[in-house]
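Listed next: structures, encoded as structure tokens.
Both of the next two complexes hold chain A, though its partner changes from chain B to chain C.
Take a look at the complex of A and B:
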């Protein structure tokens, strides 16, 4: 267990170092990307450009620039934004992280429960009308872009039908911290959760159904039948357990990516100032310190989520434990 | 017909396919008495497994049509709902399969899977079921059953896995055990041990056993009676002694010849049955074996009935005297 932990940490550090170098090179060393001219604005005179370059340390050799940035980010924690001078980057990320985590964690609860429910029900009623309807609904869920769905949800709940009994509880867009008012936190996030989860419910439900149907062809299912077990027990105890492997793999990838800023569209539509929004704004301004910080944060979560996936594998399938 | 544990009459299993009705099992009848071990022999696709799966009601293909009658202890099994069959499966009739690696759920321990079966049929607490599981593992000859009970299937050797599987099948003391090629996936020394174990089970538990195999050696080892199947039909029903000394059906002779002789001159090549098993969708109209039979004659265009004396019957138009003569001369003629 300890060696696994050490290995995982080393792996994470390696991935994060690689990503930081890559991101740095993309923004600083790609031909034609001159951060100084971006910062100085259009039509800046060469003198101003030189001053900016010196000011931001952009005239120093690349390795030094990289080392300095890492030092500010990880050691002194005082990395400042290029765009809003004096704005510390790390507090910004720390402020945005709970918003994204609340959004993604909540949505994950919905999509795990929803997709397992749909997948199992569809597999149990295989080839029936129920199965077809569920799979069609899943396809519709996958096909609806989240920004469109979010806007429709907002239109209905914030504007058109807000004054009816059905949606009068919906608070205005924005975010309320859980520590401030848990109930309001829940109410604000409920619709974003469902909006974000719908795509994944459809996707995961379909994947799980396919895996369950495949597992039901296995020899051990025949054994379970020969043992005189009920169909529901066979499905839930024998088929589902082995089918969850693909599900968990997908979950790890998607969850890591979403926490790392992939929920941008949902955040923008629902006015949530999360990490996705922060990254997006930073990218538009080419605010490299902020980009660097959010990317580091994201890579941490991707690796972290994958470690969790591996642990889950070992619990699901004892054959993995030896390896 | 008193005392039959299992009485199968005119069983037909067909599958609706795109190319028409495929008759996997064509009107077979047989019975199994208490304490009896019956071997079912035939090549792949001869309907051995399908006919026994239908006894258990395990054919879940919606395109399967099962007709005829399967009486178990006088109770009709054909037409029972899955729910009704559940009380029979596992507790009255148990089944063991060819490959215990794939037939055991890989993610649960042996003990868990045995307990599951016990608790599905008997009203026992978890601790009692576990104690029973350990007992059973001991009975099937697993060393240190108390630790084996917590092992996963992949942590046991093939022979141990099959033993554990047998322990599971026996957990509710079934009256009938159906063993579908239980030794095929095992190496030869382990095969002998497993067969010995099955023989011991009959003595200790009083179970009847139907053993499906394509290996006449297995039959010689354990069975009392044998049914030889070909293309979904029973072609010969014979006692163990007679199958080796005076088999009646040319197909059985062919099976017989494919075993290397232990005594006498070593044959240059083992004789084989020419041709290959027919496709079940395009069976010849008469005797299904006739296209491959060296002794075919005009009457073979008609389907032969299973006829003979008590305990020995064959579906062949050759007369008894001809059979005896042909069987005796067959060795010399063989290429």
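Take a look at the complex of A and C:
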């Protein structure tokens, strides 16, 4: 177990270093990408460009620039933005993180409850009308662009039906901190939660149903039936347990990616200033220090979730440890 | 024997004495299964219809709507129920700033779905946009599968150092949040284009989103293929071929590729569905398809400012995306059931 932990940590560090180099190469070494001309503006004279290059250290060799950036980000923690000069990058990320965390945690509650409900119900009523309808609904959920769904939700709740009793409680777009006003926090996030969760409810519900149906063919289910256990007990206690392993894997990976900024489109549509939105704005301005910080933050969650899933697996299933 | 059959066949069948009908090949069987799947066939028909409609976009614009949906038409007027109506009116809401384009008229060929802020016919733009959305989704799928097959086959078959390098690169790409990677590449490439050696793509070209979307999903396909090749390499028919001295590249092409082919075909509709959603998201963030070209994503972007006044501009392309992606997913389920009955293959 210890060797697995060490190996996994080394792998995590390797992948994160790889991602940081990749980001750096995309923004500095791609032909056509010139951060100095972006910073200086469209019609900057060659002298201004040269001054900007010198000022931001862009005239130094690429490996030196990379090493300096990593040093400021991870060792001295004083990396500053290219666009808003003097603005520290790390506090910006820390400020945006609770917004994203609120959004993703709430959505996760919805999608875990929703997809387990749908998956179990569909598996229990296998091949019936209920099963078909649920699976069709799940498929529609997977097929909708999330930003489009968000716009439709806004259209209905902020404009068309906002003055009716149904949606008059919906606050204007934006974010209120939980510490400021928990009830308003809940109300502003309820619709973004549901919008973000719909894709995952569809996805996980379908996967869970498939796994449950497969598990119901196994020998231990036949044994449980032979023991005289009730069908619902077999489904919930025996089949669901093994089926949840695949579910947990998926959940770990998606949750990590979303906390890392994967919920960007939902954040943009609902006006939430989270990590995804921060990354997107930084990308638009080619603000490399901010991009580097947010991408490192994002990849940390992805890689960490990955490792966590592997280690959970190893504790659950001794066969994995030996592999 | 210098040639091993592509799939393990039943030995001794020909000598059993009885005359048996020729067995159906695996492809024929899969096709028959697929044809019997009503949902898959229905979605195939819907896809064909959507594609045909989009291909007919110039015909609709020229002969039915008599409009050029790529030219600003702010001062245009149309005849609606006997009255002359301006296509874009000064706004009467709020401060009276801005403009209010025509809403849906529900008259075919006469701004059926209304106009956008520049007075362009949304129905015609929708058809033109669909061409680009379908083209990008399809082409990036092909590109992704070719790249993934190459990397997966090479990594799995040759193993050793090559495998280590490829697998580590895939690990890094895989851990890079997909939208962030796609957006990063788009933002860098969209302004100046792409120019490495013989490959040169201009900034507004459709080839850019195709290239970007094609690349970002490679790890998701290459990983399962590498795994499949690894296990095929240990299978008896490959060991037999190796023992007979069949050259490696022949084993790769004749014994391993046909098996991998099944996996690749299962991925086609599923990947195309995901690619279409990715393209629309990039275009919605205005870093995918660039004006004057349109795609369903860019039309939703055009409609974002009008969402409370003229919601149809954003709703219509969204419905087009949902219908197309839904039928691709349904078709994908059908193809998977036909080719991979145990349904082990999954994207994401």
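Please note the rule applied: the second predicted complex is superposed on the first by the 298 of 323 C-alpha atoms of A that agree within 3 Å, B and C clash if a C-alpha of one lies under 4 Å from a C-alpha of the other, contacts with A are read in each partner's own complex, and residues count from 1 in each chain.
Keep this in mind: a contact is a pair of C-beta atoms (placed from the backbone, for glycine too) under 8 Å apart; a residue touches a chain by one contact, two chains touch by 3 or more.
What you are looking at is a predicted structure, and each value in this text was computed from that prediction instead of being measured.
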Partner chain(s) touched by A:172 [first = chain B, second = chain C, both, neither]: neither
Partner chain(s) touched by A:291 [first = chain B, second = chain C, both, neither]: second
Touching partner for A:46 - first (chain B), second (chain C), both, neither: neither
First (chain B), second (chain C), both or neither touched by A:19: second
Residue contacts with chain A in the superposition, chain B compared against chain C: C
First (chain B), second (chain C), both or neither touched by A:302: second
Which superposed partner A:229 touches (first chain B, second chain C, both, neither): first
First (chain B), second (chain C), both or neither touched by A:61: neither
Residues of chain A contacting chain B in one complex and chain C in the other: none
Residues on chain C engaged by chain A in the complex (per definition of touch): 168-169, 171-173, 175-180, 183-185, 187-189, 191-196, 273, 277, 280-281, 284-285, 297, 300, 303-304, 307-308, 311, 314-315, 318, 321-322, 325-326, 329-330, 333, 343, 346, 348
Interface residues, chain A side, partner chain B - complex: 218-220, 222-231, 233, 237-238, 241-242, 316-319
Of chain B, residues touching chain A in the complex: 56, 58, 60, 82-83, 85-91, 94-95, 97, 99, 102-108, 116-117, 120-121, 152, 154, 168
Residues of chain A defined as touching chain C within the complex: 11, 14-16, 18-19, 22-23, 26-27, 30-33, 139-140, 142-145, 147-148, 151-152, 154-155, 158-159, 203, 207, 210, 257, 260-262, 264-265, 268, 279-280, 283-284, 286, 291, 295, 298-299, 302-303, 306
